[in-house]
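Below are the C-alpha cells for one structure; questions will follow.
Order of writing sets the chain letters: A, B, C and D. Residues in each chain are counted from 1.
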C-alpha cells in the first residue's frame, strides 16, 4: 500500500480540477494515460447511461418494467474501472453496474429483459466478458475468485505478461461486505494469489441501512487486513477509478496478488424503484453528494481542455437516441415460452423435465381447446 | 395478552404488525431484528412503526448477513431473549441455512432440554408479485425435513395476527412463512379469541366429493377452485394446513375418509416436498378410503421462472380443477 | 477412458480413488479440491496419492470454508474446469448451502443453457461409524428438492468406480453421496463395462412377495433383510436406487406391479424426504397394483442421536422386516 | 492497538524468564497481577489437564472412546485466558479447550460422555458459564457475539462497571477464520460494540492444512482490519494469555469495544485420535515447539521463585488422581435411553415425537418378547 488504505485517491475534484496527493502518487502513471480522448469516452459512457437510466426509471413508473435499479451518481468509479479492464479481462457485476455493462458491450435491452421479467438475465457473457448480475448479495465474489483461479491454472493469467495476462474485476456494494461469502472470497483470493480485483462501491447505503452498521473501519482497511492490496478512491472521480483499477489489475494479472478498491460514492436515487429513500435519509445528504456529481466534473474538465460544443451535442444526441431506442423497443421484447422453463434446467436430458414440459404442453392445448 | 384497538378489517401485513406489537408489549424479551426492519419498517412495511414505538434497543437493523442474523439470534436466545428475525425474501434465507439446520434446530436437543430456543424466523415467501429472481420462492420443504423446527404459515389476517404471537410464545424455533402476495388481502381479526392452536389445520370449506389441502397463498386458490367446482355441482372440501411441521393429519384423514379423494396444492416444486409427505402419509393412513390416488399440484421441478411465466408455474384454480377432474376420473 | 490395472476386489473408497484417477487422466480439466484432500489424501483416504500423481495444481487443499469451496468451484467451472469438491462430512455441507441451492443449481438455467456447470460435490454420508455429532447425517433430501442438481449414491465398488466418472463427465452439477460406513466393503470392479447409465436403478435381488427400495448403505441392510425373509419363505425383491434425483421409477413400478407391496428404506428422517417422494409417486402410479400402502422405514424425525443410540436410529434388517410384516398384514 | 497487532506479546519466555517489550507494555499492569500463587494455579490447571489428556488418549486407543481431541501444547494460552475471565463472564469454546473447561468447573467426565458417544455434550452451561463444544467450525463465533449483545441489552454488560459487567470469550482455531461465520461475527461484534473477545488459537494447522493456506497476513492483522482491538500473543505463555485477555475483556465488558487475540501456539499431538500427523508435517517442527512447552516454562519460573517440591508433588498427585478417576469412572457412564432421542428435540409437546417414541417402545418390547 502506497499510503493508508483509508485515504481516498483523487485525480479530478468536484470542480473538474486535476489534483494529486501522497495517496495518489502510486497511480499517477496510470492517471496520465487518461488523454482528453479517453476522458471524452468516459463522458460519453456516463452521460448516455445516465439518460438511459432515467428513461428506464420512467418506463418503470409507466408499468413497463417490474423493477428498476438506478446507478445515478455512481457512474464515475464505474466508468473508470470498466475502461481500465483490458479486452481479455472479465467483470463479475453485482446488479448496479450499468455503465460497466455498456463499456463491455452488453445490449442494454437484454438488461431490460431481466428487469421486465422476461429472463433471469441473458446477455452474452462469453463475448462481452461481463457476467450476469448476481442478486444474492455477495455470492459473485466467490465466483469471480474461482474464475480468476481458473485463469491462472489455465495459463491465461499469472504468467508475468502484463499485456496478455487476464484478470477479473468483481463488484459488490458496501452492504455485501457483511456477507460471509465476501470475506471468504478475500480468503481464497489471497490464499491462491488469484488475479482478481474487488471493486466495492461504497454508496453509503444498503437499502435503508447506512454503511456505519456494516463497518466501523473503512472497508479498505478491512480488506487490507486480509492481505489484499487495498485502496480507497473518490468513487465519483472517473480518473481515479481508471488509474487505480488499472494499477491493481495489472498487478493481479501478472500474479503479484489480488486487490481491493473501495470506491466512495453515493446512490443519488432510490435503492430500486420499489424504495422510498425519503423514509431514511435527509435531502441535505443527497444535495451534498449531488454537488459532487461524477459527470459534471468530467464535463468541466473537458471544457477546460477546450473540447468543442460539437462533441457535447453529439453525446447528447447519442443519449437521446439510446433512450428513444429503449422506449421504442421495450414493448417488443420477445416473451419467454412455457417450454423455456424446462429446457435449460439441466444441460443434459432429464426425465422430469421431459415429462413436465410435455404435461404442460398438453394441458395448455386442452385449455386452449376448451375455450 | 394486551388488547389493541384493531379496525374491523385488516390486511395480513398489518395483522402481523399488530401481532408483533402485542407480543412486544407483553414481553420485553421480544426483540425484532433484520435487514431494513427499523427505520424503514421492512421492505413490506410489516414492522412499520415498531422501532419508533419500542426503540432501537428492541427493534434493530442488522448488518447484511442472514447467517449473522440467525447466528446472533441464537446467542440472544441463549441469553434469554426471544428474537424475531426477518429474512427479507424467501430466496435469501440460504446463507443462513447452516445456522438454522445445524444450530438453531439442534440446540435444545443437544442440551438435553436445558436450553430453549424461542427464535422466530419470519420469511415473506412465494410468487405472484412479478418479482425478479430469488424473490418468489417457497422453501418450506427444506425446513420441514429438519427435526427441531416448527413451521407455520397463515392465510388470513386473523391467523396472521394470532399465529405470530403464538410463534413468539413458543419455546421452540418457529419458521413463520408469510404469503407475501396476500399481504394486502384484508380480513377480520378477532383480538379476543385465537380460535385454533398454532399447529392445527382448519377446514375452511366443507364438501363431500373431494378434498383440497394446502397452505399460505394456495388457500385462496383452493377456495376459488372449490367455488368454480360448486358451479359444476362438484362439492369440494378445503383444508388450510396452517402448520407445515408438524402437520395436523387428523382433519385431513377424516376428510379423505368422507370424500375418498385428495388433491394437495402447493407452490413449491413437487419433488421431495411437503406435498410428497402429505401424499405419502395419507396414502398410508387412508389406504382403504382413497378411491383415487392422492394427486399433487405444485410448482414444476424447475427454478422459479421469470415473472412473465409465473402464472404458468404457480398453481391456479384451473390447475387445481384439472387435478380434481383426474381424481374424479378414477 | 483410460484403463487402470485394478485388483480383483476393491473397497469402495479405493474404487472411488481409482475412478477419480481415471477421470483425471482422461481430462486435464478435472480438478480435485477440498479440505485435507491433498497431502493427507482426505480423512477417509479417498484422494490418497492423487496429489502426488497429478500435482498440486490439479489436486489442492482449500481454506476451511465449504461456501468458499463451492463458490470458487462455480467460478472454476465458468472458466472451463470440472471441479470435484470434497465436503469432509455430511454435516458440514450446510455452510455451502446457499452456493449450491441459489448458484450451482441455477446457473445453467439462469444462462438459458449457455453455461454448463460440471461440478461434482462428493459427500461421505450416513451413520454407523460411531462418530460424534454432524458426522453421520443423510442430507440428500435437501438437494433432491432443488431443481438443477443431480444426485447419486453408489452402493458397490463397481458402481463407485463408474458413477464417479460418469458424474464428472456430466455437464450438470452432481452431488455424489458416498456411504461412508461401506468405504471398506470390497467388491469386484469391471473396468471395461460400466453396466448401467448413471441415473438407472438396479434390481439387485429378485423376489415376488414384496419390494424393498433404498440407496447407499441401506442396500446392504435390505439385502440382509431379504436373506432373512427368504429363510422364512418370504421372497423379496431389492432395488438399489443408485440415483436419487432423478429417480428411475420404471423398475420400481414394474416391481410393485409384480409384488404388490413396497417398503422404502432410508437413513434420513422420514418427514419430507426422498422416501416420501417414492411413497407418493408409487402410490399414485401403481394405485391399482398396491395391495398394501407403501411403508417407509427411515431414521426417526430427530437430530441424529449420540453414537450409542445409532443402532436404534438407523434402520437395520429387523426394522425392515417389521415393515415387511406390516405390509404383508394388509 | 498499542503496537502492531502482529508483534506477539510475551511475558514469560521458554526458559521461564520474565520478559517485556514495547508490545507487552500495554498489558504489564495485568501481568503484574500474576502472583506466584496465581502462577501455581496455572501450573496446576495445565499439568492436571495434560495428564487427563494423556489418559484419555490412552483410553481411546483401548476402545473406550470413539474419539479423542488432545490439547497438548496449547495449555498456556488457554489457562491464562480462562483464568482471566471473571465469574460473571462466559466462554464459548470450539472443541479443544480442555483447560478452559477445567477452569470453569466442568466435570471432565461429561466431556468424556460426548466423546464416548453417550451424549452430544451435556455439561451444565448455566452454572459453569462454559458453553457446549461446537463442532461445526466457526458457528459458535456468532453465538458468542449474539450472547454478548444480549448481555449488553440486559444491562449485564456495557454499563461501565468493570467489576460487575460481564463479557464473553469466544474460542476458535486458525482454520475457523476462513469460515464466513467467523468474519460475520467480527462484523456483528464491531457493529454493536458487543462485549466479546475472540480467542483464536493459531496452532499452525487445521488438520493437515497449514495456517498459510488460510491467511497470508497475521490473523491479528486481519481482525484489526474489522476494527477489533487485536493482539497477538505467545500462546505458550500463560501470563501473556492472562494479561491480554484480562485487558481486552475489561475493555469489552464496559462497552469500549470487542477484542481479538491471536494466540500463537502449536498442536503437539494429532488433530484427533483419528489423525496421523506424520503424513503432513515434520518431526523437526514438532520438536521445535516441544522446546517451547507452556508447562515447562511455568515450572521453571516457579522453581526460580523457590516454590517448594511439596507443591509440585501435590500437583502430580492431583493429576494422577484425576487420571485414575477417569479410568475408574469411564466405563460406568450412564448410557442414553432410547426415549432420550425424542424427549428434547422440542421444548414443547410434539405429536411426531410422541408417536415415534411410542412406536419404538412397542417395537423394542416386541423384539424383546420374540427373543
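In the analysis below, contacts are C-beta pairs under 8 Å (C-beta built on N, C-alpha and C of every residue); 3 or more make two chains touch, one makes a residue touch a chain.
Quick caveat: nothing in here was measured; it's all calculated off a predicted structure.
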- Query: With chain centres set to the mean of the C-alpha atoms, which chain is at the far end from chain A?
  - Reply: D
- Task: With residue numbering as the guide, point to the option in C-D, B-D or A-B that repeats A-C in over half of the contact pairs.
- Result: B-D
- Item | Between chain C and chain D, centroid-to-centroid distance (C-alpha), Å | 36
- Distance between the CA centroids of chain B and chain D (whole Å) is 40
- Counting in whole Å, what is the centre-to-centre distance of chain A and chain D, each centre being its mean C-alpha position? 44
- Which chain C residues touch at least two other chains? 62-63, 65, 67-68, 91, 94-95, 98, 102, 106, 109-110, 133-134, 147-148, 271, 301-303
- Query: Which positions in chain D touch two or more other chains at once?
  - Reply: 119-121, 136, 178-181, 184, 187, 191, 213-214, 340, 345, 352
- Note on the structure: The residues of chain D that touch chain B in their complex are 119-122, 124-126, 131-132, 134, 136, 139, 141-151, 153-154, 180-181, 184-185, 187-188, 191, 340, 343-348, 350-352
- Message: For a test of understanding, state which residues of chain C touch chain A in their complex under the given definition.
- Response: 31, 57, 62-63, 65, 67-68, 70-81, 95, 98-99, 102-103, 106, 108-117, 147-148, 150, 170-172, 199, 246
- Spell out the part of chain A that touches chain B in their complex, as residue ranges. 66-67, 114-121, 135-138, 175-176, 178-181, 206-209, 213-214, 274-275, 279-280, 335-336, 338, 340-342, 345, 352-353, 356, 360, 363, 366-367
- Query: Across the complex, what residues on chain B touch chain A?
  - Reply: 35-36, 38-41, 43, 61-65, 67-68, 91-92, 94-95, 130-134, 271, 300-303, 305-309, 312-313, 318-319, 322
- Contact residues on chain B for chain C in the complex? 91, 94-95, 97-98, 101-102, 105-106, 109-110, 133-134, 141-142, 144-145, 147-148, 245, 268-269, 271-277, 279-280, 283-285, 287, 292-296, 301-303, 330
